[in-house]
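Going in written order, the chains are labelled A, B, C and D, and every chain counts its residues from 1.
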Amino acid sequence: MKVLDDYPVVIELPVVWGEMDAFNHVNNIIYFRYFESARIAYVEQTGFMEYMDKTGIGPILAHTECRFKLPLNYPDTISVGASVTELKEDRCKMLYAIASHATGKIVAEGSGTIVCFDYKNNCKAPLPDEVRDRIERIQSR
Amino acid sequence: MKVLDDYPVVIELPVVWGEMDAFNHVNNIIYFRYFESARIAYVEQTGFMEYMDKTGIGPILAHTECRFKLPLNYPDTISVGASVTELKEDRCKMLYAIASHATGKIVAEGSGTIVCFDYKNNCKAPLPDEVRDRIERIQSR
Amino acid sequence: MKVLDDYPVVIELPVVWGEMDAFNHVNNIIYFRYFESARIAYVEQTGFMEYMDKTGIGPILAHTECRFKLPLNYPDTISVGASVTELKEDRCKMLYAIASHATGKIVAEGSGTIVCFDYKNNCKAPLPDEVRDRIERIQSR
Amino acid sequence: MKVLDDYPVVIELPVVWGEMDAFNHVNNIIYFRYFESARIAYVEQTGFMEYMDKTGIGPILAHTECRFKLPLNYPDTISVGASVTELKEDRCKMLYAIASHATGKIVAEGSGTIVCFDYKNNCKAPLPDEVRDRIERIQSR
């Protein structure tokens, strides 16, 4: 979708009826599930999950937020974009946007701060160079 | 609660607002989450989880069902009972009932068939004697 | 999918990472969400929701069950089939099956008993003829 | 709990097994469900829901965020605190904190921006005086 042109990774998901709450809109926590699905799709392209399996060093979500702009309802299909905007020593920031196919509009925007974590030694770690390289390649597409 | 007297394991849970769907009642899949929480509480008392950690042989859910008798709404608190009624060579059947504190009534009843599974060899296995003994002790309380 | 040929209504859904539980498989309650999505898709084709908006008489889920045959994991896509097998005075029974695109196999089968309910008078009601006709037409496709 | 002394509204919730994801920790979206439950508990004390039923003017969530500080696991019980820190013409900001009973520590902090919305005219509205008064009374407890 055109409104997601700035996002190098975009996934498509159906809105399902059961995601609506008693206010007849998709419940707020579901937006974070959508973000998570886009984050996982992005991270898979970086090879970070395989790196974690080998080394015990992998991603951890430190912070996330969502700005709700328009209500979302069943039936609809959404596209969810993910883009890394800040790439630091031990972390990166990922932006998200959710677009409704029914209206063509962005219904929510948000971000996630992903920290590189050494699960064995229980402390932060530098982002591996190979993951950093892949992120840069994904972003330059 | 008196209506759950036949259930040796009973847990208490709050109904939370976000469990309601667009029909303004607790959504049907949430009842299975309630059943699951009671099942886990029961299984913990049998030592089956520790047994699985040691041997790779543990429980797997093969079938579950729920009969919805009355709607459930926020705010309310529920008690969920679990009781094993059939104890066979490689499986057992667990009955569940959910009672509303607001009305004192049973709002749903169901069951789960739990099979003993050898995760290493990917096949059914006999229920370990120590787990079987504990189930019998729990049921005779 | 061929394995769902007997189901006149079939929907397609992605498995998302967050649907897995601590056992690394899609959690059991999610299967009922899949069933619900197929049920809603079927019911929409019968005009029953519009009928309910006009008359206050609509569907209510009285019982549902699921037989788990094979584990389901992310990443995968599923097709979920729905078919009405028993059409009685005030209720019908709907069968469900979930097929994994990764393996081509049925991973779960289940059913739901849908009762026709008069929400205004708080009692069961006969299935409206127009809904019954539409179900028969859907099933004879 | 002492660590939540600054929060005038505090609710207690059990962590349930099914809230954990494939990383064996409570999944990130569940923290927003916990926040929501505390938000609803707070809003109920302000009379805003009854006001909405009468007038069509009620709360809407415009933004929310969570900072994850420590992992959370089953079994545990949590207390979730809510406190309004900014009270403006048409909105307020609510802070949240989640404390683990197992460790006595804050595991996550967050916030929500709640806007007063005129659902009939589809636009923002000033916070009703009676709701504003009740918030001030709750905060001065």
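Quick note on the criterion: a contact is a pair of C-beta atoms (placed from the backbone, for glycine too) under 8 Å apart; a residue touches a chain by one contact, two chains touch by 3 or more.
The structure presented is a predicted model; accordingly, all values stated were derived computationally and were not measured.
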item	value
Copies chain B and chain C touch via same or different residues, half shared test	same
Contact-richer chain pair [B-D vs A-B]	B-D
Most distant chain from chain B by Cα centroid	A
Whole-Å gap between the CA centroids of chain B and chain C	24
Whole-Å gap between the CA centroids of chain B and chain D	30
Whole-Å gap separating chain A and chain B, where each centre is the average of the chain's CA atoms	34
Residue numbers of chain D (touch at least two other chains)	17-18, 29, 33, 36
Footprint of chain D on chain B - complex, ascending	13-14, 16-18, 33, 36-37, 40, 74
Residues on chain B engaged by chain C in the complex (per definition of touch)	28-30, 32-33, 36, 60-68
Interfacial residue positions of chain C with respect to chain D in the complex	17-18, 20-22, 24, 27, 29
